[in-house]
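Here subunit A shows up in two complexes: once beside subunit B, once beside subunit C.
And now, the complex of A and B:
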């Protein structure tokens, strides 16, 4: 249990997902020494693919990624959960999943790579709601582009389809071709409604890119792209390693050591799986461990100098937990067959409600027409209707081709009551407490969800839908944010506009934990852009040192 | 690019009679008309100069590519018209001597990695067109690649003069190559320009091509340039002229073969840009090259295998991800190959990912090209289509397979879809990886 060795680097990063690995890559290429500590194991794609193929419950996103005892992640979205304990009136709506593995949670995302809208960064000043960020869209624009090039993002030509986030450069790759189901859906929306369906920007190859192949539409981006056509953090891990960064798997950071003035971080300590302790010193430290684990680590590291946790003089570490908590419905279209499930999972979005004057009273939202294979839902429905034999087969065919699934990302908002704390009752094998989250859906988001339900009903009517199946209550979107919130005032925020903690001058956060508002687009591209901006800051400071 | 080249060639064809009527000795002043430059560009493409004289990611014709030989690496030179780093000071006579006789401007001998033995067959007129194009159309690059240093005795360039006496050269064709009849044109393309034999003809103890075994197949930097003689069993005697034309034009013929590695480059840079008439001439000539039999290949390479039925290996058990053991061939195939090539091996309906049965690579008597394809992948652009398969070697971002896993999957694929289990070992795979790129799982 004693400290058996001391490692050291210019920059020590906790977490190897898209944020940590892309910072490591940028710094290592600039000749800066980097150590990345990853709590989970290092596993190749082929093992996840084999697990996926062996899995009976194919839509289980966490299924192919069983966790290791020293770095547990939530096994599923079921409450009560074996790891992420949620409480409060909307406990089930905050049952987030993520991965603690080398490369991070982008092993199983759908590649949706949205930029936020300029208004998303100015929610308070424009609409009197929530908070403003301590940066503007323009500050992030070059880093958005850098992130798009790094990941390989395809998207529409802005002169044809403007997604509302001004661009200095075109997308690195042309937008995806539109699937048959999406063509039918687009036609309906444009002919019968005042809304529009747009191409979703995707971190997915529409041509060979970065030595990875073109997407073939296997339709299982979640849980695992079997060919590497979709971006995941493991590529940035490889690229960073090639540039000289050192990645240490199975290294569970549990303590953040500071100097006597409590101004600078001097080291982090990690456990190996046998609970041997190791100390890693550095000049700068970046916590890039996902919104939930980042806050957990800051709280776990509380000591005499910082009894409420590291970087927590504001008391806001773990507070302001947000998500795109949404609503979901599936139904059987009474119109022509759509045959969903050919192509990537999420490619088509109704974006009319991402912004508007009404944001002063209700949250924005974005609607996905999910293009996933519906055979499982169709089969369950056909069996529940009592079909057998040949009729059952015909019904499955009919229902699978006519099922429509819609879900929404509804805008959460920073509310300090929605809070992550350390579990008093559950600890892992290393003695580290599990995270616990209290969640009550803010009124702002509730109103947004009500509006979405009305819109979904309208769509069901237009498509002469039957057999509606609404997900009860609200639907977690696995986009947690806000646990180390950004702001200009150190009294009510944890980091500044450069993601540097107000309390410790050499400690940075690179995660959705810094988001001051959560907008509607999927969070990953913004996480990557913020991380690349952290790398830029560190490069400048280290070159002047 | 291909279209431009093709159009330019048609104009040359049309102008052929005019060109042919020019008298050579009188034409001391260099002819740099558009037609001559276009002809030079087409010839340089057909001779695939760029393949060796451009380093990966480097500027065109600036040299720097390492060409592995048993004597050591030969590094290609800068052949842009830069006067100090390239061939800018070369007169047409100097150029002709290096192209057809392997002599540098200073009189020293070139190493025969430069296929001057083949280029010796180029006509006078075509030498002029090539010279004009290199001098006037290629962009000068003021960079010198590292110099070649070989092992004794090949490090003595003078030794090459003795080698040349043994290897010999062929006399140049005469007349206007654009007016040759089909078979003569095909021979000219195959021997003097495309220099097919440089890779496909085995070499003797002296490293010169065995003319008795023309195109009978030879190893090539880990790959194997197969027997492409007219043998029905060991060669490509079963291919139609149209099939071979399609292969050279696109790099792929469903149910036959596809180009990767050095042949993928030859298709991309050279043969895919040839005119249909030239491709037919080339194919017709190749298909009548005398058959050479190979005891390792007793049945046409593309005639092996069949789809696998019911390849269900589902266990329902998940891998313990903190205890990863190396997978057997079928599981490596399932996890890494089946998404594109199918559990049954049939490939995609549009043949972008080819069928693995009825495929010259899996049906070959040697596993070399399958191992190299698994290690390096495929990256070939021809006829407007970029064909890409990721490699599974030590720099892959998709999946880095161990030597054992590659041996397992190659053996599985050849046993299941091809000519039979080649019993490849991990050590064999390790030798084919680039130096310093060994994978430690």
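And now, the complex of A and C:
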């Protein structure tokens, strides 16, 4: 079934997450026509909040966001998985979750808005490991600030607490006051260790901002902020629409059409839920469909002109899959009650191991003391221990007030063997293959995780902890990167420093898929900054056209 | 182009988590369903109306619940819903609750602890019944569904320190204040321990 009319815009964007929607907003505000194609449905926040409240398994980040058959996303981090099929010796360490929905995966991020360190962009030249980016921190700095203003990021005064990423401007909002639990943790670290706890920069309002309210500490940033005090991609969708951008939900792009020279993209084709096919033409095209779906789309679009997939003359589409691998432990503190779960989820970080000379041999990491309400977990645990009545209530109060959870982001590194391919055995209802990822943890990351375990054991001792519950093995932090890697050499990279594909002059990638290294900070602010830089490039080129 | 016609409900994306579970199940093979042990969820989602229960059964459930929570009063409306869910998930619970009630009335138990301990000694199967009752009142869950969220007893006993997620009411930055201290518990478990499995994210 084909559509009767062809849609057209100056710029056609695939994906409506923070990257796609922020580009759409910038371009539409500059008077450029934009169409954004989103595979998933459009759902409002209040529906997700209702879903959360009715969810049996409250810690399930995907739970409130059921996927639709024509745009499946991974239902959970369980291997084997209904959608994202992971293989290899560390398959479970790459069992990422993400959302295919209008607004994207930031519906359930925690608002952690880190800039990368200058060294993160120069890992190869400084430490002889991994890859350098095809840009420097200085190139991205103005766009980092633009992204911080767009999202509404709060953070510490650099003259008081320098997070290592030089700033030309202060944070748009003052740092979030940390909880009592985080204050005690910070005090302990300061007095008993050589490390420090810093305020985490967050896309969360510490005052009314962008017509959204101040954070009230509902402790539910993941999976869903109930009041919109935390930024997510849907707000950029609304802004872009107000500026004139057209968003089409339930539009599953499956083909990227090029000219006869295979140099320029001429159109993309999408299926609606009933597999009706539609063609959308444009002058420029941006794939902003999340690291995994972006590479999947380029591979799915293989044809006679490009038998290995679009933009893939290097053979690196789908390779170099990276993540922040996590180490996690929960334990019962033997010290005073902390009562975690008062305020936002993630507010404080030990940042001492984000960079150092040792990065020539092991990966960097950062550590969160998660400020998560533990009442439900404490109740389930106390019931399983056999308590009832008054004794059960005593236990619930004690466990809920003394449980400490630590987790880390450990630096992955680009390895072409860690590769996304199309499943040979699983297809969705539209006939599009599911993604499959082979993953073996780099030794660089394993060493980093070992170092983290040592730190956690030391912290458990300092807090007189008992009942340690280590999450087995390594777990994914849902920060996939690298599938359309950036570089200066078209022979071993997919995009250049401006996120333009080496192979097709009017095709850009806006996603963590372009990352050449993954650093330690959460990836979203860097995704947004890169996207805004793409928007800047497109504005300049279209204004000269 | 010939294509298979599909007809998805227009509001499929607005389905509830329970409904979504059903949608997923419908796409899963029988093997997946059996492996996932989700037959009960399927039955629950498609299924029959809540089990009917007579006044005596409910009265027995409420009496046993009050003893097992060491409370004089519990919300009858929540009790009805919990009992219906518990019996729907495991039909033998109706008889088990009745027998547990018999055990309770034939003896004089001064506490939840005493009743639970005696019950497990009398019949190891009572342990699962008591777990269901504790999970219902304290976590607000029955039959793998949320019966109540804010009104679950776990939040009643922690309300001087924390709010149920999404229901904070302390105003901006309430979290900087010092929460109450909690003494080290001295009570003993009444039942033998069970395996504890953290549900996946």
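Here, the second predicted complex is superposed on the first by the 543 of 545 C-alpha atoms of A that agree within 3 Å, B and C clash if a C-alpha of one lies under 4 Å from a C-alpha of the other, contacts with A are read in each partner's own complex, and residues count from 1 in each chain.
Heads up, the rule we're going with is that a contact is a pair of C-beta atoms (placed from the backbone, for glycine too) under 8 Å apart; a residue touches a chain by one contact, two chains touch by 3 or more.
Given the structure is predicted, the values throughout are model-derived calculations rather than measurements.
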item: Which superposed partner A:46 touches (first subunit B, second subunit C, both, neither); value: first
item: Partner chain(s) touched by A:210 [first = subunit B, second = subunit C, both, neither]; value: first
item: Subunit B versus subunit C as contact partner of A:68, first or second or both or neither; value: both
item: Partner chain(s) touched by A:55 [first = subunit B, second = subunit C, both, neither]; value: both
item: Touched partner set for A:307, first subunit B, second subunit C, both or neither; value: neither
item: First, second, both or neither for A:226, with subunit B first and subunit C second; value: both
item: Partner chain(s) touched by A:379 [first = subunit B, second = subunit C, both, neither]; value: second
item: Subunit B versus subunit C as contact partner of A:472, first or second or both or neither; value: neither
item: Partner with the higher number of touched subunit A residues, subunit C or subunit B; value: C
item: Touching partner for A:218 - first (subunit B), second (subunit C), both, neither; value: both
item: Residues of subunit A contacting subunit B in one complex and subunit C in the other; value: 41, 43, 47, 49-51, 53-56, 63-64, 66, 68, 214, 216, 218, 226, 273
item: Residues of subunit A that touch subunit B when the two form their complex; value: 41, 43-47, 49-51, 53-56, 63-66, 68, 101, 207-208, 210-214, 216, 218, 226-228, 234-235, 238-239, 242, 273
item: Subunit A-facing residues of subunit B, complex; value: 314-322, 324, 327, 331-332, 334-336, 339-340, 348, 377, 379, 386, 388-391, 395-401
item: Complex contact set, residues of subunit C against subunit A; value: 1, 3-8, 12-20, 23-24, 27-28, 67-70, 111-113, 115-116, 130-131, 134-135, 138-139, 141, 144-146, 149, 153-155, 157-158, 161-196, 198-201
item: Sites on subunit A touched by subunit C in the complex; value: 1-2, 40-43, 47, 49-64, 66, 68-70, 75-78, 82, 97, 177-180, 183, 206, 214-220, 224, 226, 273-277, 336-339, 341-343, 371, 373, 375-381, 383-398, 400-402, 429, 469
